[in-house]
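Both of the next two complexes hold chain A, though its partner changes from chain B to chain C.
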Partner chain A sequence: MLEISPIFNAMMRHKSHALLLIIQIALTLAIVANAAFIIENRLTLMNRDSGLPEAQLFKFDVFSFGKDIDLNQQMELDETMLRAIPGVIDAVTINQIPISGSGDNTIFMDRDDTPNKNNNDKNLHSKSNTPAKHVHTGVYRGDTHTLNTLGVKLIAGRNFSEDEIIYGNETQPISVAIVSKAFITTMFPELKGLEQQGVGKLIYVFRIPIKIIGIVDKLQSSQVTSSHIEQTIILPKIQTRNFYRFLIRTAANQQQAVIDKVENLMLKLYPNRVIRTPRTLTYLRDNSYADDKMMTQLLMILIVILFLITALGIVGMAVFNVNRRRKQIGTRRALGASKGNIIRYFMIENWLITNLGIVLGIALSILLSQFLMQQFSLPKLDNSYIMATMIAIWLLGIMAVYFPAKKAAQISPAIATRSI
Partner chain B sequence: MLKMQQINKIYRTELVETHALREFNLSVNEGEFVTVTGPSGSGKTTFLNIAGLLEEISQGQYFLDGVNVVGLNDKERSRLRNEKIGFIFQSFNLIPDLNLFENVDVPLRYRGFNAKERKRRIEQALEQVGLAARMKHLPAQLSGGQQQRVAIARALAGEPKFLLADEPTGNLDSLMARQVMELLKNINKQGTTIVMVTHDAALARCGQRNIQIVDGQVCDFSLYDKNPQASAFENPQTAASTTTTAASIA
Partner chain C sequence: MFNYYLRLAWKSLWATPVVTLLMLIAIALGIGSAMGTLTIYHLMSADPIPEKSAQLFAVQLKSYDNKQSSWGMNDGYPLQITHQDAVNLSHSSVAVKQTPMVRTGFAVQTDNPDIAPILKSVRAANSDFFAMFNAPFAYGSAWDKNSDQQALEVTVIGAKLNQQLFGGGNNVGKILYFDQKAFRIVGILQAWQPTPQYYDVNNGAFRTGEQIFIPFALIASNKYRSWGNNNSYKNEEVNTFDEKLVSESHWIQYWVELKNPQQKNAYQAYLKNYISQQKQLGRFERDDASADLKNVTTWLTYNEVVSEDNNVLVGLSFLLLVVCLVNTVGLLLAKFLRRAPEVGVRRALGASQTQVFLQHLVEVSLLGLTGGLLGILLAQLGLWLLKNNYEQYQLLTDMDITMLLTAPVLAIGSSIIAGLYPAWKICRTQPAVYLKSQ
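Moving on to the complex of A and B:
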């Protein structure tokens, strides 16, 4: 026995009563679906694998002010000393730290497409009509210890050899590089699934050809907010500056011990310098993702608040309707309604209101999602989020209306004759 | 049709205990039109509520159309109410958010009739009270007399054996009251048993039998035809409730 049509008609004769709640449900659906989607996106970002043994890594900066040393030589001495500390697996001077938030980027190309006035042979390249592929790439510079210190896995090719490393005072151009697998798939999409075959390919930066000699499975850059985070390259170069940086890999349980003594050891080796900000990668990750974390937490709170307000709205509406209709409820009971019929009346009424809110809410969700896509270049809202939120609101509605409905069923039928 | 034996109904609140019906005995036969009179507070509405299964009894036996209603659960009582009893209230009790058609439909839906059957019954019932043309109107668009006729249509649509009316003309002027009474008489002629509470002695004579309730007991009952002066308590003031003293104190 469906009672939908008279309940709906009666509701429509009091549109204003239901309207606010309908709007509230619609807004809740729209906001919660989008917020949940954003949360899920952020969590996915935050939980991305950096490819690194993060718990084993920390970094510190060195600022040398003494003019009495050969920096190049000092960096070598530092490295040797650091690698000898008990608990240290490996150490390297490196220009940027993965997922730390800031570092070097450049664009690599799959061919040299700069017009060359001097050499007509370059027309060889312009035969192909498609423009050169440009790939945004996070750039690491380090020596033969870089791979081991980062703890990344070589899936093809080889590591640098010592003679390929170019030190600050040497002038020959870089000619070889190790890249991430994601770099290969982006630069050479035809090698998708066959990334190993990227070994030996040439890539170009500032018209300098560089040969890929090794490919690592995964290595994120420092820029956690960048969509190019997975595209990275390691160049065999150590820059000599009085400001430089070390990345140290230790056994995870030795990390704090090493951090505690690293400053003293460094200063003992050469005193005229400052050792700054030893930071674990765990710390850097938390720092880099702090905004995302806060955002997800705020959005979660928002979701809870919206659900609460909606539940209260539904309870309030139901209580209002029960009280407004006490006599009607008594009359219905006198005319043969069982307690179950009365409960069902309020459940159906609420279900109708919820559904109207949901229909409006679906439209609003899509609009809000489009707005967010345009304004904040978020991805398109997945329908499953609307579905899940819809189900949550349905359940919320059923739970919220149940107790007022039960109260309504307790109203004595005698009220039909007893009240005026 | 209706048989009450030694019924007691006691209302308990924190402070007082009101004996609304005491050792109440009454039988109503099928097809009768019984009017109930009595002073205010004497228990008329209580009797009607118990007869109509709106309230449970504290003690005693009640058979409705042969069914012992003591001990029935809510669902069974609701079903019995729906099938056997039609209610007419003093203040009409139409549902303001529903139009006339939907109002008459209410008990039929609880009965579980299909849409076609309901439509037939609704139209027929509204026809009978002369309001078929106004099916789509809301109760507020009708006069009091018309509203009460709709309420009667609603009570009749389920074809109950038993019509209970609590001061059905109490809120109507005399012309409208007469129309409603004519309607009830016709309904009774077609075989429906009617029990009507009224404080109007003239209306009380419309029935075949008048009973008077005083202090929760049937005081005197006589066939109106045999005893035209039967109404001993025409003036409520002379018959103020005296035994519900606890209530008076409170």
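Moving on to the complex of A and C:
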């Protein structure tokens, strides 16, 4: 039924035209499939849940240059004042802000693996000969208000009690911690699915044992590019520094009102300091993901341009073929071909070319993906992207060729009689 | 002859305005995206100090212990060094010029009580810093060696801060208050912003640089904290600032200037010697403890100042350019072949193949040039949009002269490549075929 063989023969009379279009379609498929894959990867990254009520949170930095105060005391006064502002749900001084791009990381271990140089008795470290597990962890330090300010849920265990908080230069070691669920699954893979049982386990840092007393469902750390972003820990410690920051949770609709007041209230409490511009978590998120956002936007533009150019190429080729074959079309019409036959002829011709282009394009997509994988830290292209792009190019081809084909069908059969 | 071809080309392009427009759009989009991404790449990978980039070296020390199989960057060297190493190295005089440095910050006030204290980031470095990195002075000069040794409270400020605090002018000798301590201004720089800011890429290579410089020794004496990265391999608890100064925490950058290979060799020998000395003190306990010197261009590549994303974008947009060109070849072929009867007549009347070929190449070049110019406009528009929408591109300004010249060359060059085949095809027209059917 399909007149593939005559169409193919006619196409072969102008091989270079067909070949150019095939190359163009193949390249388009290869680029679009890979670009779409990169876009999707980035969108997945950007849409990860930080575990926080981001719209309710903002932070600001305080830099005290005055030397006439006790910083410990001042931090407490600041906190009390901030928590009393109408609209504020809770506030805390904290060492790092989630998804802000800069913060503290430390390696925690599942046992104290420091070899005891002075003792030859191996039984002291008899537990196991395998090296201790090292887990890169984002470290938050704050007081009992940390959980409530972050707005994260405990799935097991309890919050810090007031007497567990270590202030300023108090030297006793930290003995308890709250960790994220992802921390438990990384540190103790055997507890996967039973993370609640992580409560009571010991972890080590600087040879100090720390007991896990609580587990939160989800809490990301500050560096969004890090592969360890989900592994976090909260330590009950307030460090005394002249440069510290506050995280504040308000009702979402009150946020701006509170932000507007904060600097004046802080300076009224103690003037010899600088309050840095408050930043909302939404702002920090946008900032942290700015590169990914730009990449997705630029790649989307690239895809649109490619589809546009390829559609133009198909239209151009079809128009050229129609014009070149005006007489033949007229003759076919005069010999009884219907308008539908003519349209079908061009559609099938284009469909053949598109298919050849797609076959070549699949090979090119895989090659390009392999090249990108070798050169850059990109994951392997998922086949579904090639499929989706194939379908898009099919549809694009059909749409692009339809109008020139319809125009061809309008050619009058009389044209056949005129010039012969 | 050329003028004649040009006139023919002009007429031919106007004869089929739609096809011409399609080709122009294709070329402009292709050139525009390729030039846009290439310009960003070019600016990011630019040598910020071409006259000295081979003489300035970042110093790296493999100082960590045997417990780590590797630490720091991929080659096993950390990016920064410890404070104690920085102090020790700066006592030697083997390098021509050298400076430890670190980014810190404090609240800045003037005598003018109307100006609220402002928080500023600060670079602590030795007096050699300015000569090493060619920082140009508008007034005054760098502080002297004595200030380095005595940790005197002196400062050099940038043009922007001078404008902000004093409205410009020569303010050498005036006093600024940093965290309420009085510092005397000894020098004021001219507007100076190396891009990328190669001497400290820890905090982002395309940030605006610090506007305040102070002697490095003040870090220890005034207990200024680092506003940059602090990394430690060691399980040691650091509670006080004094503990940090003697800790194994890596937070100081170190640069040396070595004018020739002899000096470089001498410095490498010195570092080797330093490491064996430290080994006797129980530090640098690894067998492969060593030092590495990387010059500016190596340093920038090493730190991946040009991000992977940029490379991917350049690659993909050049593939896009290929698609646009393939598209143009197709359109040109169609257009030229329709003109075959006309060419047949010209050939019969005596035009040589070469003449027909050249005539069509001129047409293609004219198309390429116009498309290329449109492409530059598109690229400029794109760069402008990037600059205004993305903070990270603020410092990357417009196309420089290299890029402005590259664009038309790329445009014409690629259109000629695209036009070669159609022009060759048309110039081989057999006159007889078309004479018969006329």
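The definition used in the following text is that the second predicted complex is superposed on the first by the 401 of 420 C-alpha atoms of A that agree within 3 Å, B and C clash if a C-alpha of one lies under 4 Å from a C-alpha of the other, contacts with A are read in each partner's own complex, and residues count from 1 in each chain.
Going forward, contacts are C-beta pairs under 8 Å (C-beta built on N, C-alpha and C of every residue); 3 or more make two chains touch, one makes a residue touch a chain.
Fair warning: this is a prediction, and the values are worked out from it, not measured in the lab.
When both complexes are overlaid on chain A, the residue A:Arg241 reaches chain C alone and has no touch with chain B.
Of the two partner chains, neither chain B nor chain C is touched by A:Lys261.
In the superposition on chain A, A:Ala334 contacts chain B only, with no contact to chain C. Within the superposed three-chain model, A:Lys192 lies out of touch with both chain B and chain C [touch as defined at top]. In the superposed model, A:Phe376 lies in contact with chain C only, and not with chain B. By the document's definition of touching, of the two partners only chain B reaches A:Ala414; chain C does not. In the superposed pair of complexes, A:Arg158 makes contact with neither chain B nor chain C. Between chain B and chain C, the partner in contact with more residues of chain A is C. Residue overlap on chain A between its contacts with chain B in one complex and with chain C in the other: absent. On chain C, the positions that touch chain A within their shared complex are 19, 22, 25-26, 29-30, 33, 105-107, 117-119, 179-180, 225, 235-237, 239-240, 307-309, 311-313, 316-317, 319-320, 322-324, 326-327, 329-331, 333-334, 338, 386, 390-392, 421, 425. Here chain B touches chain A in the complex through residues 45, 48-49, 52-55, 74-75, 78-79, 81-83, 87, 89-91, 93, 95-99, 102, 105-107, 109-112, 138, 154, 158, 166, going by the rule given at the top. Those residues of chain A lying in contact with chain C across their complex are 16-17, 20-21, 23-24, 27-28, 30-31, 34-35, 38, 63, 65-67, 114, 169, 171, 205-208, 241, 243, 272-274, 276, 287, 290-291, 294-295, 298-299, 301-302, 305-306, 308-310, 312-313, 316-317, 320, 323-324, 368, 372, 375-378. Within the complex formed with chain B, the residues of chain A that make contact are 1, 3, 6, 9-11, 13-14, 327-328, 331-341, 412-414, 416-418, 420.
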